[in-house]
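In what follows, a structure is listed as structure tokens, so that the remarks can point back to it.
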Amino acid sequence: MPFEVKLNDRIAKVELLSRQDNKLLVALDGKEFELDFVKVSEGSYSVIYQNRSFNIELIPVSGVKKYLVNTLKTTYEVEIIDAESKYLASRNKALDDDGDNVIKAPIPGKVVKVFVEKGDKVEAGQTVIIISAMKMESEFKAKKAGTIADVKVSDGQTVEARQPLVVIEFDKQE
Amino acid sequence: MPFEVKLNDRIAKVELLSRQDNKLLVALDGKEFELDFVKVSEGSYSVIYQNRSFNIELIPVSGVKKYLVNTLKTTYEVEIIDAESKYLASRNKALDDDGDNVIKAPIPGKVVKVFVEKGDKVEAGQTVIIISAMKMESEFKAKKAGTIADVKVSDGQTVEARQPLVVIEFDKQE
Amino acid sequence: MIKKVLVANRGEIAVRIMRSCREMGIQTVAVYSDADRKAMHVLYADEAYHIGPSPSLESYLNRNKIIEVAKKSGADAIHPGYGFLSENAGFSKRCQQKGIKFIGPSPYAITNMGDKITARKTMMEAGVPVVPGTPGEISSESEAIKSIKEIGLPVMIKASAGGGGKGMRLVKNQRDIKSSLRAARSEARSAFGDDSVFIEKYIESPHHIEFQILADQHGNVIHLFERECSVQRRHQKIIEEAPSPILTPEKRAEMGEYAVAAAKAVNYEGAGTIEFIVDKDLNYYFLEMNTRLQVEHPITERVVGVDLVKEQINIANGLPLTYTQDELRQSGHAIECRVYAEDPDNNFMPAPGKVTHIDIPYGVGVRVDGYIYEGFEIPLYYDPLIAKLIVWGRNRQEAIERIRRAIKEFKINGVKNNLKFLERITLADDFVKGNYTTHFIEENMDFLMEEKPCGETCDDMVIITTFIEYLDKMEKASPKEMTALKNNWKDYNRVRNILKL
Amino acid sequence: MIKKVLVANRGEIAVRIMRSCREMGIQTVAVYSDADRKAMHVLYADEAYHIGPSPSLESYLNRNKIIEVAKKSGADAIHPGYGFLSENAGFSKRCQQKGIKFIGPSPYAITNMGDKITARKTMMEAGVPVVPGTPGEISSESEAIKSIKEIGLPVMIKASAGGGGKGMRLVKNQRDIKSSLRAARSEARSAFGDDSVFIEKYIESPHHIEFQILADQHGNVIHLFERECSVQRRHQKIIEEAPSPILTPEKRAEMGEYAVAAAKAVNYEGAGTIEFIVDKDLNYYFLEMNTRLQVEHPITERVVGVDLVKEQINIANGLPLTYTQDELRQSGHAIECRVYAEDPDNNFMPAPGKVTHIDIPYGVGVRVDGYIYEGFEIPLYYDPLIAKLIVWGRNRQEAIERIRRAIKEFKINGVKNNLKFLERITLADDFVKGNYTTHFIEENMDFLMEEKPCGETCDDMVIITTFIEYLDKMEKASPKEMTALKNNWKDYNRVRNILKL
């Protein structure tokens, strides 16, 4: 039974045709691949395909369906798509920007500077607030153009993880 | 309930009096120890006792009762003694030298040189055979004085793991 | 002679200091907060004392507690590392009073160099070039405006008591002078309770180049050449190298002499760093002195061949320097990358968490100073620096090629980190050419955030690997359903033949 | 220019070669046997080819297969590492014929240096001092007896085709001459099918000192100074250092010149090593030439500042040497320890197995070249060398202190290893004084096998830790019985009070 796997914008159909020890025969988007596939350690695989050596590391992001995948060159987000994930994806789309319009502190820190006040217009990419945490400063920007609906903190204030900092009301898109 | 723990020639009585998070209260041979005890990773512990920092690594040798233990300075063999181990220990004593009198190849290799023939007298510590394995040469010696009962291999011969090489009949001890 | 050292720090620098102590046969005492019970410096030390809750203020900055532990443990000396209490004159003084050797300069030197205006004055008196500007603090607006006109735009207004960019304003246009001045002073007043400022010429396209110095208790001072530290993001150094790709031997010699003069001007003792700001024509100006070991000290160690921590201890023991200036030279080229637990894709936000797997690079020309290990949970209370990767090469080109190789070998799973960002820096044209200023990161951000595609086959392998991992995990959960998929290799040819039909 | 290199080797040296290739932007091809599918060189390479079953003869020594893979993969060159095919003239020749560059000397040089008698003759002609002895092979007994009388006892009888100690006899007494001669010849005949021998003066208390050389295709030859390799067990080197603690600058210069002359005598190309045997009065004699990279090459790399693998590739590319003799100097001191998977408590028997945990030392002055990782199973078919620990220090004392520190940080669980034995070597008086010969291990065996006690408190901690681990494991197995033991901290004071009664 074939599965769908999503890598960036690509959705690929994959099927395991046969497997013996470390030899795999896999069909991917209609093409067959014969692989030498071994698990080196938890989440770390060595794949030899047409004598090219690939080292692939999988870090589960949520459950068994979503992974952060590292190769020597690139980091990917890869997702296994089944009926459940399709449902979740459609539901999430409906909620759309939820979360995006509220800038939150990912970890505890301190407000270095708030650049906006309630009612200010902001452009997409405009710096809204600077937070310092673990001695590092991070700049947070508006994802889209909009209006500042609320500023919940002020300069110098200590903030907790996930504490809302600034709320933006995004402009309606045509 | 106290246990007996064997470290080299010492047999110590140990009892866990109380435990909360990483604070332990232990009685060892009648003396009380208050410890800060944390597991750093599988088989690796950090113990702080009277502000001294100890790093202790446990490598199971057989089951849960016998461990090879490393500190920064020393390697120990430590054994938990309960009814079962006491029985096994007494049984092993009866069999005594079994195994000691047969020199075996621990891993596959090649015989470099046999120094004895059947009927030869050997002293304790006398080199009997040299084996080469993984490109390294290892010298095997007689554990006790005795007479060579059998030589099962010859120079240049390839040997398998656990293959008997030389059998010695140890002299009776007064 | 010092026999036992309390290391009043944590993280990689605490471990690094203990390594040299262990080599010297000196006992080490660790102090730790709640969050650090399993931290490597606690495991590495001979003795370990709990000193308080996780926040630094209640532990690593708790001067009384640390001195109490030093007394209790019988430590002869305290090494403050960098950060925390390392540049705290009061702490240095308290150690002195309690008969514990503070491994670092005297309270006098720390105080003199800690205040920017005092430092500036001291340096001017010693003949060291400083950035053109007001000789001292200014408390009236009219005086400030007059000074700005004399110096000429652009200028930087800086709070006298400042730090961390607070109370600082860049003025480029005539019309902004007044508003900027007011903003800087009000910020300074609310942040430090002191609204005095000073004004300096603003150096465009500056390089940040610093000189390492060592001074003993007998008045001998040497410098160990420079480090180029211009690769910075938000005033935070990311990559440093030695030698600087832009200095000439003449400028190096001159600046080295000034660095020595600067240290002598405050009767300096120990290891210290004289920071210079250098413009594109190689005009250089004293910026500040760091009266402690720097994060980036290993590149000097590698190029000059000196163990700076051992020299610090040697000096603290009252021994004369074991090197003369003539004996020292820079040999080859060293580069350091700072590996941070941060997420470049999310505003470089620090990303504490549990390290599930780590591969540390090694082999020819590679040094790593770190403190994390598999299973360690990086606390969210402290600096996100988790490791420093230092390489040496015969020349700058080899060092760059080597650090790229080493970054590729470095793998840290479980916490987000900046390794790919560091790799991109080493690939950036301006970096490769050695042609960069402190604006480098800003100017190259698009290139640095780009991801190089791995290729179609690589993508295919990633998809297949993820898929197989998923299948195996599912099978573990419900073994029966999936077994049919396995062990049918014998059917392989049949399957192939069918597919070919 | 070479764009793709096939590394015809495994283990640490394969990875080490690939590291330099990656730094140079050269693609790498790994070959592997059944036992090595998960070996690090396979994971590290860009391409990997399976070449046969586990025994070396059927894989890493399979010349046809390796050349076939080189052709198939489009590799320009083959790097043989050390061991395996590295000193195989036939293989070097086959590479030449197939248009693949063999990274190493010509078949002519390998042949000339591979045969001990030919090498000896070549060296004598080149004016290089050799151990006094017969100029060539001897096939009659009477001639042998005559030669032994001329040379004077003690002498060493060596099989002309010999190696690995076979067909070798030390003769100290007049009365043993005949029997030893017969034994050596008969052993040589059965081992190599050739009973010719040669006779050399036996050097008592010898040092084994070797010189690294580099020679390009244009006749330029330089030496990179010496390595002291006298710490040996059964002719197997364990610890090497550079510089040698016994050489004088004069002797060093002389021997270096002879090393260069030796290389020139065989039109050498690439990296090579001239081994000398040195007596206590610093008389030195050519012993043999190794026509390849040595295991211990990193100490030279560290002290001289050269990447020898890069130089080998550079030479193979036909480029002239990038260093002149004048530019090179020894700076500081380097020591290498060879970490073997072996059991010192059981006759140093190799101990393959699965690595369950590994901590690699790092920090200032430490380099590690290895190939094992957590979860890797060391195969029983190959050399038990699992890692090389290399340290650099400003001087010999610092290097010794540093290697002790690094050994303490090195932890390998799951396989027996010689780390504690190595530590004991660094503590032995003769080693610390630099006053050792090839008999060092033998003479110090009692000291080296001793265990330093950890102290009573340490013992107590070990007992308690083992006990708690046992309790926790038991509780996992049967949770109910043990729970009573836990969470009774509140009873602590009560328990104490009862105990005090």
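The first chain written gets the first letter, and so on, giving A, B, C and D; residue counts start at 1 in each chain.
Note that a contact is a pair of C-beta atoms (placed from the backbone, for glycine too) under 8 Å apart; a residue touches a chain by one contact, two chains touch by 3 or more.
Computed from a predicted structure; not experimentally measured.
> Taking each chain's centre as the mean of its C-alpha atoms, give the chain farthest from subunit C.
B
> Looking only at C-beta pairs in contact, point me to the busier pair out of A-D and B-D.
Of A-D and B-D, more C-beta pairs in contact link B-D.
> Using mean CA coordinates as chain centres, what's the gap between subunit B and subunit C in Å?
Taking the average C-alpha coordinate of subunit B and of subunit C, the gap between them is 48 Å.
> Using mean CA coordinates as chain centres, what's the gap between subunit B and subunit D in Å?
Once rounded, the distance between the two centres reads 29 Å.
> Roughly how far is subunit C from subunit D, centre to centre by C-alpha average, rounded to an integer in Å?
Here subunit C and subunit D have centroids separated by 38 Å.
> Can you list the residues of subunit C that touch 2 or more other chains?
Expected reply: 373, 408.
> Taking each residue of subunit A in turn, which ones touch at least two of the other chains?
Counting only residues that touch two or more other chains, subunit A contributes 41, 52.
> Along subunit B, where are the residues that touch subunit C in the complex?
My answer: residues 22, 36, 38, 40-41, 46, 48, 51-53, 55.
> Please give the residue numbers of subunit D that touch subunit C in the complex, ascending.
15-16, 19-20, 22-25, 298, 301, 305-307, 309, 331-332, 359-360, 362-370, 373, 394, 398, 401-402, 404-405, 408
> Given the complex with subunit C, which residues does subunit A contribute to the contact?
Its residues touching subunit C are 3, 5, 7, 10, 12, 14, 16-20, 23-26, 28, 32-33, 35, 37, 41-45, 47, 49, 52, 54, 56-59, 64-65, 67, 69-76, 78, 80, 106-109, 112, 131, 133-141, 156, 161.
> Flag every residue of subunit C that touches subunit A in the complex, lowest number first.
Residue positions touching the partner: 83, 165, 191, 234, 236, 340-343, 346-352, 356-357, 380-384, 408, 411, 413-414, 420, 451-454, 457-471, 473-474, 485-492, 495-496, 499.
> Quick one: in the complex, what on subunit D touches subunit A?
Counting only subunit D, the residues touching subunit A are 30, 37-38, 42-50, 73, 373-375.
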